[in-house]
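The same subunit A turns up in both complexes below, where it pairs with subunit B and then with subunit C.
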Partner chain A sequence: MRIVVCLKQIIDPELPATQFRIDAESKRQQSDNHPLVISPYDENALELALKLKEQTGGHVTLLSVGQPSAVSALRKGLAMGADEAALITDPAIEGSDAFGVATALARGIEKLGHADLVLCGCESGDWADRIVGPILAETLHIPCVTFIARLEKHNGGFLAHRVVEDGYELWEVVPPVLLTILSDETNTPRYPKVKDIMAASRKSIPTWSGADLDLDASRIGKAAVRAEVQELTVPTQESRCQLLEGEPEEQVAMLVARLRERKVI
Partner chain B sequence: MAGILVLAKIENGVPSRSTLELLGAAHRLATGLQEPVCAGLLGQGDAGVLYSYGVEIVYRMDHPLLKEYQADLHLRALEQIAQAAEPRVMLLSGDSMGRDLAARLAFRLQAGIVTDVIDIDVQASEKAPRFMRPAYGGKAIAVMAPRVVPIVATLKPRTFDMAASVGEGHGREVPVEAPLDPGQARTRLVERVQEETTGVKLEDARVVVSGGRGLGGPDGFSLLVELARVLKGAVGASRAATDAGWVPSSMQVGQTGKTVSPDLYIAVGISGATQHVAGISGAKTIVAINTDPESSIFKVAHLGIVGDYKTILPPLSAKCRELMGG
Partner chain C sequence: MVSFTPKTSVPFFAEIEMERFTGLDYYRVDELYTDEERLVRNTVRDFVDAEVLPIIEAHHRQGTFPLALIPRLGELGVLGANLQGYGCPGITEVAYGLIMQELERGDSGLRSFASVQGALVMFPIRAFGTEAQKIGWLPRLARGEKVGCFGLTEPDYGSDPGGMVTKAVRRGDHYILNGSKLWITNGTISDVAVVWARTDEGIRGFLVEKGMPGFTAREIEGKFSLRASVTSELIFQDCRIPRENLLPGTAQGLKAAFACLNQARYGIAWGAVGAAMTCYDVALKYAKTRVQFGRPIAGFQLVQQKLVYMLTEITKAQLLCLRLGQLKQAEHVHHTQVSLAKMNNVDKAREIARLAREILGAAGIVDEYPVIRHMLNLETLYTYEGTHDIHTLVLGQDITDLSAFA
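Presenting the complex of A and B:
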């Protein structure tokens, strides 16, 4: 069974808001030498893939569309335990929207041969569009189930736990299928061991250009964007917090009084 | 292509809350674009209640295969409805179903898509809609301008004002044929499991008490459950708490999880990461209980207590119990 995990490299999304700046020209976050990481839910997707491989066997391939720097994200994924990785990188792809990225990923998967399971994060850590996974599934003509936290073997296929408003649903899926993965206690990403980091640093990671994948130039890059970022601004927020001082009993008494004034209890 | 098409849900004879939010947004677009508001309706609900919210045409598809949600069948249905209605803009709620369908629907309609929309306007000069959405975990707001027609948009739940009834309305119903058969469904729902801790729905609750990593373990949540019970509210959590397995993932509040808009939100042991705060921007009063006075949660809270939740929550519950007699 071949499992393909789609990894996006992004600026660490957990950096505090005070360090966030916008590049007016590109209407994107300024990189400012901030650390680059694997988009968090993609790591959960990889962890789920690795656990599945440990239980049932299989081959885990990582695929990323991005700048040459994204090689480091793929190396980390290899160190975690993936078998191989490929990077799709081309200036012509830069500025693509989700449709362009999904097109490139689909061609990459075709180049690999096929995939039984394609795993994406449920949303990327920077733009959180929740679009690339489902569109990739459409492009590959395979079914898709979103917001999956767990996967178990079942009747020759899998049971996928889909988190919904009031609990979860169990969906029976049969490969080939694309799942978008949510974090939960069962897929907390493992820390790679030093020896695995060393081994991963020696693995070769092929890079593919648009031409290598026969990408249709009219479907990628800025010109193909279907909805454009016209403005990007940082919302202003002034602190309005009233801190309630004193011993716990006093703090609680004041809190209850304020909540009563506000008529919320 | 013209008009704003809303995917409507009728529950117990009335439009669901998210449907009214969609209609509220649709009317704002309709005024700016001077185009009608239409609705797609799956199943048998009474279309008349939609006319009284200013809907001019209801495209209805009724088929036994649409009773339970299944993505392939629902996509087929919505594709068909969109082809009949030929809207300029199609609005879906950003709930678990809308999130599942929107991108694939956009692909099939060769449409553009904007997700997680928190505001809209129409540029008067070009009569073009624009969609505002958070970016970078809520650290920024993006204004998205579609370059193609149609555009599919999912609206962040509990964010738009609900449409008001216009009294007796008039509209017409257009039946849409359902080219559905069971073979089209490539996935199958085996079971649906409900997980609720207090009986009050998190997204409908007027009081929400949420816990984070600062609770230190699952046991801390029992203090939150007790406070929520006294205040007749619901319990929520940060992602750190759901990821740790202390409470189910369905209780996660924030960008990936739920949007709540209670009168009172009490954040306990939560640092206030922008991705968490993204889920509570509609809360009227926010209270933070946190040991760290520098924590970002105090930037968004109205009332704050710097302290250990273990010393604050028991007297707080006791005091509320006294007042509410619960």
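Presenting the complex of A and C:
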């Protein structure tokens, strides 16, 4: 069983809101030397892959498209227990939209050879487009099931628990398949062990450029973007306090009216 | 559209109380650590946030040590992490220091546990033990399956351990141990105690095992500091210990014991930074949101002065730790340099905790916030492993060549 997990490195989404700044020109979050982390659901995807490997055997490869700094995200993944990792990095890929990222990932997976399972997070922790996985599956010509919380071995394939509004859908899936993963109590990311962190830092992580992957320059980077971000702003949160005067009954009536007005009740 | 709760909240909606500690790095010291060191630090930071902070106030209130965390620390591989071989990973001294910093950010009880286990028990076995002692103890201590303690201090000999009265007398294949040790971290929960005793040939270290006839331990009650830690008295009454439990490398006597303390002090210097960072973090957030006289108290000059003092001293302490770690890694560190860092960082952390407590006003005296807990813990750091004043005398002697001890 060959499993590929797609990891995206992002600015720590748990930084205080006050530290969140947007660069007006590039319409991106300013990096401001903030700590970088693995996009949270990608860690859940990796944990699911590692559990699967422990149960059924297999080989877990990590793949990321990003800046050279993304090596540290891959190292953490290796320290958690992945077998190998590769980074796709090229100035020409910067500014890609989901199609560009998925195109690069697809060529990376082809270069790795065969993959039975491709796992993505269900959404990134920064842009939350929820779309790289499905486009990647389409590009690789394999089926895709989104929002998977659990995976069980079943009839030579898997039973995938897909989270829907009011419960789970159970999908029988047969590799090769791409799944997008969300968090679940069964895939809480493990802590890497100190000795594994040391072993991971000695592993070499190949980096591939667009040329290494024969990427078609017209399908990646800023030029290939199919939609334009018009505006990006940090929403301001305002809270106002209004005191309702009068007798308790009047106050209650006013409160109910206000709540109805705002469609709270 | 599927709706679900993401693991992390979208940043702009995060509330002050819910914000995770994301570090304090005013001088971009992070860039000076290796990827490996940062990953070790972040791992322990995440561990502390998820597994320690939610339970620690309750342990502090009840005066209990979170025993369940011992195997977890073993699993992570942080116990004796800077030692080589025998199941120890041999991480860099800086990475080890960062582990101590993060554990203490959780609670000094946890860091003290790890310091004693790693620096005061595993280190002497590694440095002074026989092959059989190393094989027998180190892997199990590293995994947290066994717990150790270090018995040097006695009721009548604290700062002056050279006067110790605990005695070990040779009888054939055994030593007969008599005396007692006081203020011993982990004492009642230990499987093995590294005990220092006077012999005919001078002071020596012994491995006294739980259950050896004549060895008892009792817990010290009524502590107001390091409450989430076990502190004990060890009592030896004609305690028979096999000759092979002598640590043969301790022939240099007290110097060997000091070598252990030097390892532990190194960790304390880093630990103090962890306690200070969390006090600063809480005080800063509190000051920005607490409104008095119509504006956040962080806007008053006197409060800013306190916050800036905290920031400055923490930044200096971080740099001190990093350089000390580099020297230790290169095996170029002098024990007085460790003394200086322990003395300075604990002293500043103690002041910082007090200032944080002040900034929180009445809220500073309740355990809803971690500040009072750290403030109380730091009283122990100020005293153990050589008091602040004793380290001052150590340094004074080093620069003047004149001893002011006695």
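Worth pointing out:
We take it that the second predicted complex is superposed on the first by the 240 of 265 C-alpha atoms of A that agree within 3 Å, B and C clash if a C-alpha of one lies under 4 Å from a C-alpha of the other, contacts with A are read in each partner's own complex, and residues count from 1 in each chain.
Going forward, a residue touches a chain if its C-beta (ideal position, glycine included) is under 8 Å from a C-beta of that chain, and two chains touch if they have at least 3 such contacts.
If you're wondering where the values come from, they're calculated on a predicted model, not measured in any experiment.
In the overlay built on the shared chain, the residue A:221 is in contact with neither subunit B nor subunit C. In the superposition on chain A, contact is made by A:143 with subunit B only, not with subunit C. In the superposed model, A:20 lies in contact with both subunit B and subunit C.
In the superposition on chain A, A:171 contacts subunit B only, with no contact to subunit C.
More residues of subunit A lie in contact with B than with the other chain of the pair subunit B and subunit C. Once the two complexes are overlaid on the shared chain, A:35 sits against subunit C while remaining clear of subunit B. Contacts of A:201 after superposition: subunit C is touched, whereas subunit B is not reached.
In the superposed model, A:77 makes contact with neither subunit B nor subunit C.
By the touch criterion defined above, A:12 reaches subunit C but does not reach subunit B.
In the superposition on chain A, A:192 makes contact with subunit C only, not with subunit B.
Shared contact residues on subunit A (touching subunit B in one structure, subunit C in the other): 13-14, 16-17, 20, 41, 123, 125, 147, 163-165, 182-183, 234-235, 237.
Looking at the complex, you find that subunit B touches subunit A at residues 71-72, 95-96, 99-100, 102-104, 106-108, 111-116, 130-131, 134-137, 139-148, 151, 186-196, 201, 203, 206-207, 231, 239, 242-245, 248-250, 255-256, 258, 263-264, 273-275, 284-285, 287-288, 293, 296, 298-307, 311-312, 315-316, 319-320, 323-324.
Within the complex formed with subunit A, the subunit C residues making contact are 2-4, 6-14, 16, 19-20, 22-23, 28, 30, 34-36, 38-40, 42-43, 46-47, 75-78, 81, 89-91, 95, 99.
Within the complex formed with subunit C, the residues of subunit A that make contact are 12-17, 20, 33, 35, 40-41, 44, 71-72, 75-76, 79, 123, 125, 147, 163-165, 182-183, 191-195, 197-198, 200-201, 234-235, 237.
Residue ranges of subunit A in contact with subunit B, taken from their complex: 13-14, 16-17, 20, 22, 27, 29, 41, 98-99, 122-123, 125-131, 133-135, 137-139, 142-147, 149, 159, 162-174, 177, 182-186, 188, 225-235, 237, 239-244, 248-249, 251-253, 255-256, 258-260, 262, 264-265.
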